[in-house]
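Here is the structure we will look at, set down as structure tokens.
Labels run A, B, C and D following the written order; every chain starts at residue 1.
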Amino acid sequence: MKLNITVEIEYYAFTAGTIILNIHPSKNTQQHIITENFQTEPFIHLESLTVQNNQLTRFELLEGNQVKVGYQASVENHYQFNDYQNIAETAIINLPPDVLPYLYPSRYCQSDKLFRFAANLFGAYINPFEKVCAISNWIFNNILYISGSSNTQTTALDTITERAGVCRDFAHLGIALCRALTIPARYFTGYALQLQPPDFHACFEAYIGNNWVLFDATRLVPLNGMVKIANGVDAADTAVANIFGGINFISMNVACELAEDADSPFLYYYDALSGLSYI
Amino acid sequence: MKLNITVEIEYYAFTAGTIILNIHPSKNTQQHIITENFQTEPFIHLESLTVQNNQLTRFELLEGNQVKVGYQASVENHYQFNDYQNIAETAIINLPPDVLPYLYPSRYCQSDKLFRFAANLFGAYINPFEKVCAISNWIFNNILYISGSSNTQTTALDTITERAGVCRDFAHLGIALCRALTIPARYFTGYALQLQPPDFHACFEAYIGNNWVLFDATRLVPLNGMVKIANGVDAADTAVANIFGGINFISMNVACELAEDADSPFLYYYDALSGLSYI
Amino acid sequence: MKLNITVEIEYYAFTAGTIILNIHPSKNTQQHIITENFQTEPFIHLESLTVQNNQLTRFELLEGNQVKVGYQASVENHYQFNDYQNIAETAIINLPPDVLPYLYPSRYCQSDKLFRFAANLFGAYINPFEKVCAISNWIFNNILYISGSSNTQTTALDTITERAGVCRDFAHLGIALCRALTIPARYFTGYALQLQPPDFHACFEAYIGNNWVLFDATRLVPLNGMVKIANGVDAADTAVANIFGGINFISMNVACELAEDADSPFLYYYDALSGLSYI
Amino acid sequence: MKLNITVEIEYYAFTAGTIILNIHPSKNTQQHIITENFQTEPFIHLESLTVQNNQLTRFELLEGNQVKVGYQASVENHYQFNDYQNIAETAIINLPPDVLPYLYPSRYCQSDKLFRFAANLFGAYINPFEKVCAISNWIFNNILYISGSSNTQTTALDTITERAGVCRDFAHLGIALCRALTIPARYFTGYALQLQPPDFHACFEAYIGNNWVLFDATRLVPLNGMVKIANGVDAADTAVANIFGGINFISMNVACELAEDADSPFLYYYDALSGLSYI
């Protein structure tokens, strides 16, 4: 599916500082960047970095500078459907080494405090795909999506008691519950077709049957309309922007549109025991 | 300096499970493993994994199995002293990409909640080496080392209010305060000469002047008597053992002895503005 | 119903200190103390205090002193059953002034953080008795009773995520959820017939239809076999013992036995919409 | 000293609800209400309640109602100075029964988690007045007064790590640290002369030498220019307004002015070891 992405972000530096942006679609065998363009107004020197497989852009702003960052891309995302009818949980002994770090608790996903909670609610499922679907459904049914109900310090534990959050919090809770059940899970940040209001999106991937299967407990967008920017342990290492110094965020516009006739959007395909994976 | 390491750990599996051990000294240009031997009694199949540059050992235990793991090594650790008399903080724009992940908050080091705390207490230092020394001294002077005063869920925030902890908590607090001041910091786990009672040790490294400089706020051991096992964001991804399934830890013996005449131990060398780095 | 109570507690003072015990059954028109006896060995001066309607005993221990406190009583407890078939919630405007403090959050019952949680799970019930029954049932069904799973700092929020606790935690969670729904609720500490292992017990009372109706989410004992010691906002102001100074608790024995033929024990009477109240 | 108080608060009920106001100066032998007037526009029925010695006003608002509450009073406050040069801590055994509840932890003052913190920083002071002065000074010197930096869920533990707050947070931290050192302490809410911007004020009282001595770690106003409204364990049971139902706060004006020539304002009198008490 081809998608057109447009981003415009504006910053003002009341003291000098540095910004590290994480807005490039990840490049891999399944996601092709057909065209892309990154520009700033006024012109400033940009540096491209690769950190843990994610492509970042770093630049400095001098005191008093205002800058408008623009990014446009045309992306072709490929995804696969896999049938998980007869899938078994991957034993720890068989997990690939690079998957192991996604079993551990992280800043916003304190899975180490949720063993009993996760076991009580989801422990009875045998099929790991059904198990993670049950987690995702439980989050959708029990946590209210309310803009502004959480902040950058809100964790999965908070979301369980406060019962409200945004996509970031839905993803963190999904990750924490998977890890508490020894299912590797990671944060996914990207662009999402039809997201209203337009913004960056976050959801999560669980490692099932040698695939990273995508889950979105918010149910706000079709699963096959995503463009992956980055994976990470949680929002701590996958933020869209890390800002150092006295820099104010002024405004942002994000758009993710169909470039041509789309595939049919796949939503809540879970009942079919068929899961979607990007790479 | 040559050090001899001996480890003996015993586990009992009341249900089948998997253990991932993180006890191998890291191998790099500055740390040579002269000899090493890893054996289990009874014999079980071991798998060697490399995860984020750390060397792990993975094995399964069947229900009812008891296993004694033994590891012996002779290690030559090299370290360097650098003078930080005239060092300046590395600007964010100049940090190498692989250092950036150590700026972010993590499970046990919620630096995002400590900006004002860290700035109030340590913000006035210009020299970053002096700044991290001040952090390490503050921890030593304000946090009591009390065995059993914390657990695997204790975080840097807890340690600030509870004012007690063990080496792991001292390291977490040091890391959190560095990151809150935009100094990259990471967890260091290893063997330590003369540690009483004998155990694995944890301390932290701060990125200063293109080096990862070692700090040990516990002041329990000489800084140049360490053998590095692993680095990580905190204890979450650097645990000595990750145990999955119903496996009980039964006993452990760790020893780290001089293999020959040692260098003079370097302790609290901080006043001299000279810092020690392993690689 | 007549019950015989026996308590034996032993303390050792390694430095001088003061103990305030809260073990006297409360005296009121519905609970008669037929006989009682309080003694210490060796003899020490005891002072009787009344604090917020609860009767306390205060005494000092000198350094090196060991004391055995003994208390025996024969108590007749009266209770009433009320039918709550057609009960409506008492509007805030009609709550008696002395009930209002039991609407506020307290140390272990952070009702102010549970508004949405409580409304989601229990908001649909119209009848307040059914609502509190639903709360009590939910706690019984979702929280495991595990001795040693919590400590004196565990709060209702912790219990929601950790899913385990003891009677004190069950009571705190019940109270927090009631208050979050604007139903006054208070802590009840007392003696309980047939409690195994023998100990002091804690449960909670909700203010429904001008009565303080008793609920015990642990379901460990019959509701009509309780002897009330004290009410309070939570365990913070209703502890069995407050100890100041270097005094060690050594041992305790508590017994609560039938003095004669008992009423039939009432357990889980909730379905009948008939609630039990002490005074 | 005579003070004139004026309060104007406006509410709008988008659904019916109840308000309980806690704005009446407390009446006692040391504080005389010379004149007072309470009115609403439009007229609504008001009910006067006494809860734990505090005088409250309760009233209902119907859906769609907007009401302006006005209160004016002329108050003569008396206070005493006491010399604490040679004061000793009151032993627990000698504390009056009604003072004991102010030793326990409460919603916003988790003194049970601060024993070591308080002992480390303030344990060395012998004179309890000096000890509480040291607490108050430490708060003033280490916590920034920043409007909007905290909310109604912020606790003393949060304030220690976040290092910012408003008068309510300064009071909570003072109370928590006193209680952690076994000094009874309670919340004080009232009117304060010269407070900028005009608002209700909060500070704390510590029980020293049989007096409740006033401390204000914010240092925003003279200690002898206060009119006490209420005491409580913390802000949970002493809120200026408790609102039940869908009622919005619209606006508030508070003024506290001198009615005639004032006593000289007493500020930071602590060095003199002379403390001020209202009753």
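Going forward, contacts are C-beta pairs under 8 Å (C-beta built on N, C-alpha and C of every residue); 3 or more make two chains touch, one makes a residue touch a chain.
Nothing here was measured: the structure is a model prediction, and the numbers come from that model.
Asks: For chain A and chain C, which third chains touch each of them?
Replies: none
Asks: Roughly how far apart in rotation are chain C and chain D when fitted on CA atoms, stated in degrees to the nearest 5?
Replies: 180
Asks: Using the average of all C-alpha atoms in each chain as its centre, how far is it in Å between chain A and chain B?
Replies: 30
Asks: Can you compute the centre-to-centre distance for chain A and chain D, using the mean CA position of each chain? Integer Å is fine.
Replies: Distance between chain centres, rounded to whole Å: 46 Å.
Asks: At least two other chains touched by the same residue of chain A: list those residues.
Replies: Answer for chain A, listing residues that touch two or more other chains: 113.
Asks: Line, ring, star, complete or other: which one describes how these chains touch?
Replies: The chain contacts form a single closed ring, each chain touching exactly two others.
Asks: If we use the touch criterion from the header, which chain pairs count as touching?
Replies: A-B, A-C, B-D, C-D
Asks: Considering only the defined contacts, which chain B positions touch chain D in the complex?
Replies: Interface residues on chain B, with respect to chain D: 113-114, 116-117, 120, 142, 144, 157, 160-164.
Asks: Across the complex, what residues on chain C touch chain D?
Replies: 17-18, 20, 47, 49-52, 56, 58-60, 91-93, 97-98, 100-101, 103-107, 110, 112-113, 152-153, 182, 236-237, 242, 244-245
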